[in-house]
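Common to both upcoming complexes is chain A, partnered first by chain B, then by chain C.
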Partner chain A sequence: MADAPKTLVELRQVTRSYSGVEVLHPVDLALRDGEFMTVLGPSGSGKTTILRIIGGLVRPTSGAVLLDGADIATMPINRRPFNTVFQDYALFPHMTVEANVGYGLRVRGERRARIRDRVAETLSLVALEGFGGRYPAQLSGGQQQRVALARAIICEPRLILLDEPLGALDAALRRQMQQFLKRLQKEIRTTFLFVTHDQEEAVTMADRICVMNHGRIEQIGSPEEVYYRPTNEYVARFFGDNNLIDVSIGGVEDAGRALAGKLGAFHCAGDSSSDIAEGRPGKLLVRPEAIVIGGGEGADNRVRVRIEDVSFVGPVSQVLARPLADPGQVLMVKLQSRAAGAPVAAGEEVDLAWSAGECHVVTA
Partner chain B sequence: MPRGDGLMSARAVEAVEAEAGSPGYRALITILAYALPVAFILLPLILFLIQSFFYVDHGDIVRELTLRNYERFFTGPAFLPVFLKTCALCLGVAVITVLVGYPVALLIASLAGRRKYVLMVIFVVPLMMSYIIKIYAIRAILGSNGFLNRILLFLGVIDEPLTFLIFNLQAVMLTLAVILLPFAMLPIFIALERIPRSLVDASFDLGASGLQTFRDVIWPLSAQGTIVGGTFVFVLAIGDFITPQMVGGANGFTFGRIIYSQFGFAFNWPFGAALSVILLVAVLIALGAGSLLARTRHQP
Partner chain C sequence: MMRLSTGALVVLGAIAGFVLLVLYGPLFVAIFFSFFRFENNAVQWDSFSFDAYQSLMHDEGIIDAVLNTLLVGGVSVSLALVLGTALAFYYNASRSRHRDFLQLLIFLPFLMPPIITGLSLLVFFREADIPRSLVTVIIGHTVFVLALAYRIVLTRLQTIRASLVEASLDLGASRWQTFRFVLAPSLMSALGASAILAFALSFDETLITLLVTGTASTLPMRLWAMMRLGFTPDINALVTIILVGSTGLALLAIRFVGVAAPR
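Take a look at the complex of A and B:
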């Protein structure tokens, strides 16, 4: 069995201000050795600032940056064992692919023959054999991207920082590069910190996701955790469609937590809710695909609704329903589409049901 | 009435478009675009070239084609040496302006935000100042009763005013360098400005030192602009005759002054024209060499 994963880089209470405005509020982040972490957030959320602080391009205003437990806040960028893949690739236009890729070794004073061998090896790793003599301007966007990647991995850094590297590529190439990056990361067993604003990209690539908003980390967790067990409303709304029901939090039960709201009494399983104080307002979260229509004798949670709309959107059909107890709210249900059509029609009154294990609660 | 206005303006736009699009209008524009440079640049140059093949006999211009002016340039005792010395002088001016201008431009370009543009404007303002005023200012500094001599006398470094500061070729070179410095700095600054910040970041990120980054990234990407700046300065310096006249004295004789004297004192216009043609050829060679050098430096 493997030991508990070692922490490679750690940010402790790191902040960053630009002319007095704090763009990064105190953040704590621990990167595990060998993991693929994506930092996800809208523009201006501070995700690139985090990357640049770790890379050494930006000094933190306060807080500590640790590598293997030692503070590297004052370590200059060219001494850090990290390499960056820049958003615009930042390939040197006056150098061939070979010279670009070999640059890191050359400035370290490696022998010519060794550089040649390592460049050839690395180019074959990114499937660019035979492109060594070309100039960046003679390559497609995807090829330039792979040159930038090769240039970053050739020095065998402890950590590779990727700043929205796929932003300029079209959708098909993007997916291809996502898989390629994931494979490469497993192959060279290096820690990747990948910044993106695309949730699908973040979810498909990451071992863990760090969700950011307004200069704060909202949640760090595996894609499943972030999707099914968000720690707050922002994250709950950020990934895909979700139903949020106002409740007040009741007592602890053997299975989890009792909740009460306008729509009735609910039961929610799960460990994350057990430490919330009783009586606080909160939101019950249940994914549209976790809700069952009709069934429900003996279900943990049940709401009587009137179906408002049923729409077919390919593999799933989307049902909108208004609870009889509070017609101001709309609940969404997603069903697998069937050739025979949806089992309900607009105007019908039915029960929506879901099990305690499929829902989650956060404080409001 | 808004509707009426709309209609009117739409009609007006149509009318203008129709006029601009009509073949006659376009032809007129095309003819003007070619005719103006031909009439005001090419034609005078051709007349000058023709003039250079005439000669002067007892103060009169003889309109017969001859190569004697060019012969005189190559065989006369003074012309070719002065021409070569002037070329060397202007090359020196170009080198000085680049050597001084490059570090300053690099420093300014590396500043953050709007500050660098403000500073650059401050450096470029002398470009727009009167040329003559600048020359007088330099004379006031370097002259035997000038600022520099007075300071040195006051400090007791010297007992008598230094005379080698002005009225020689070194003074011409220095003055030209001061006057033309902004012309070298501007292209260098623009070249440095165009280097994406991320390239420098990438170089550091890959482990390079500041010196390595300069040698491998910044210099190769700004060499073209530097050559352009140097060429600019050379071309402007070689045609100048006012500066050599005002700070060169008897020892600061340059090719520009020889040409000037052919028109102003010797009244030998055909010979002056021939010397001007030779100067023009030198300028064209300099421009050609500059662009050739710049291209081989930058192109894959």
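Take a look at the complex of A and C:
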């Protein structure tokens, strides 16, 4: 195994209150050197507060912020080796692109010639050669975005903080910028902390995702982890259309865990389930694309359902089904669309099946 | 657009014309008689000359008054700009509940009748044993035009996004560098506009000046004094000069404010 990646920035039990109201509950977060982490959450979840605390724009009410293991709580914003790309870009309107990008070097007292060379280099890195003489108002949103990026990377910070930087761009440009950012991050080998409320964006870009809600971190993990093995119901619901089935958690068995619920007995091989106490209520999670319709006899889990609706949504077809044992619930199945049409039709009674390895359990 | 009948348009046009005549007629009379003489109940059309202006040029009292006016305007405007900017920054950054009270205090001398402002200054200078001179006039004018400078700078300051300051600090700039490179350039047009407007106010301020001055006299006061000795063509010439001066400043200020308006 390779060496464990070094921790660059660490938050330890960091909180933030505004006039007595705690908007950030004690938070622990370790940012690894060189990684691309996205902080994902709805507005008001505290994700921007975390970014501003690390950047030095907001002081934590309590807790420690560590850089390379040393506390930087009192280090002023202009001494921190981090740079921010602001949500509104915050380009200086009275300065040219060149002056904007070179600003960080200028205030450090670099020589003019050196600034000019570095600005030219950085502008070519963000594909804006020849735009140096323009003013921000003369640029498109995407170009302004790249100027803000160039301005942030020119001082070679240890960490780049991005506060929903793609929020103002249209969908096509957004996807293009996502790929561009990812490539740039690999190229300059700098740690990125990227705040967004868009789960697709978070999954596409991140090495690791930090999911936030109501001022708490719900889960930190790779995109696959938060997608397939959410640690709680919130994360499971946040990442799309998981099927959640009420169960009570049973004993440990060879394959993993035994579960029982209104819909019958289930078996789950999820690895994180072993530390859950027996008898607790929980939710069984099955992704709609993991379910097989009319599953084979040997399947680990099976539910008898009546098909309610089959709809074609392009590459996938979506099937809604109600279990016979509890018609109040709806399970969703996603199938790859085929020219011949879906193998089932509304009104049919079939078995839905999935293997123990394709599901996951969280406590309620 | 609202449509009006021809009759209504004629009536409204006539009213507008009458108002303009009443507003500007006397001014044109004054300008007219600064070039022509009026004798034997008739305008002497062949009397066109710049005599009145020339005699002003040679009147040492007038020259003194002009210099005093420029001095008072220049110093009090400079003071008001510095103080107004500082107060605007304070108001913008402060979270104190008293900041609105402070703002009211800044506005009061501007909003109160000048005679009240002038009298209270006069009483203060007397009680504090400060001899009345151009210095007291400068203090009076500074107090008076401060509100204007403060308001214009504050309005501009409030349109500057907080993220610009944050970005500057984030990029490693010190507070002073941030002021110098980011805030000051954005404030220049507002400072220019308030300087001109404040100067225009100071230029023809009479009542406060009259109350707090010693022996020195400014241009409007000189005019006041001349009128007591009877109307001469010189007075018309002086009125014309003051008129042209303040109108010119006002136009310049409008241009500046237009530029200073947030984009």
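Keep in mind that, in the parts below, the second predicted complex is superposed on the first by the 362 of 364 C-alpha atoms of A that agree within 3 Å, B and C clash if a C-alpha of one lies under 4 Å from a C-alpha of the other, contacts with A are read in each partner's own complex, and residues count from 1 in each chain.
Methods note: a contact is a pair of C-beta atoms (placed from the backbone, for glycine too) under 8 Å apart; a residue touches a chain by one contact, two chains touch by 3 or more.
Only a predicted model underlies this, so the values are computations on that prediction, with no experimental measurement involved.
Clashing of chain B with chain C is the outcome of superposition onto chain A.
Of the two partner chains placed by superposition, A:A64 touches none, neither chain B nor chain C. Contacts of A:G55 after superposition: both chain B and chain C are touched. When the two structures are aligned on the shared chain, A:R151 is found in touch with chain B and with chain C.
When the two complexes are overlaid on their common chain A, residue A:V107 makes contact with chain B and with chain C alike. In the overlay built on the shared chain, the residue A:F86 is in contact with chain B and with chain C. In the superposition on chain A, A:Y135 contacts chain B only, with no contact to chain C.
Applying the stated touch rule to the two superposed structures, the overlap between the chain B and chain C interfaces on chain A comprises residues 55-57, 76-79, 82-84, 86-88, 90, 92-94, 103-104, 107-108, 137, 151-152, 155. Residue ranges on chain B touching chain A, taken from their complex, read 196, 198-199, 201-209, 212, 216-217, 220-221, 298, 300. The residues of chain C lying in touch with chain A in their complex are 161, 163-164, 166-174, 177, 181-182, 185-186, 263.
Residues of chain A that touch chain C in their complex: 55-57, 76-79, 82-84, 86-88, 90-94, 103-104, 106-108, 137, 151-152, 155.
The touching residues of chain A, when paired with chain B in their complex, are 55-57, 76-79, 82-84, 86-88, 90, 92-94, 96, 103-104, 107-108, 135, 137-138, 151-152, 155.
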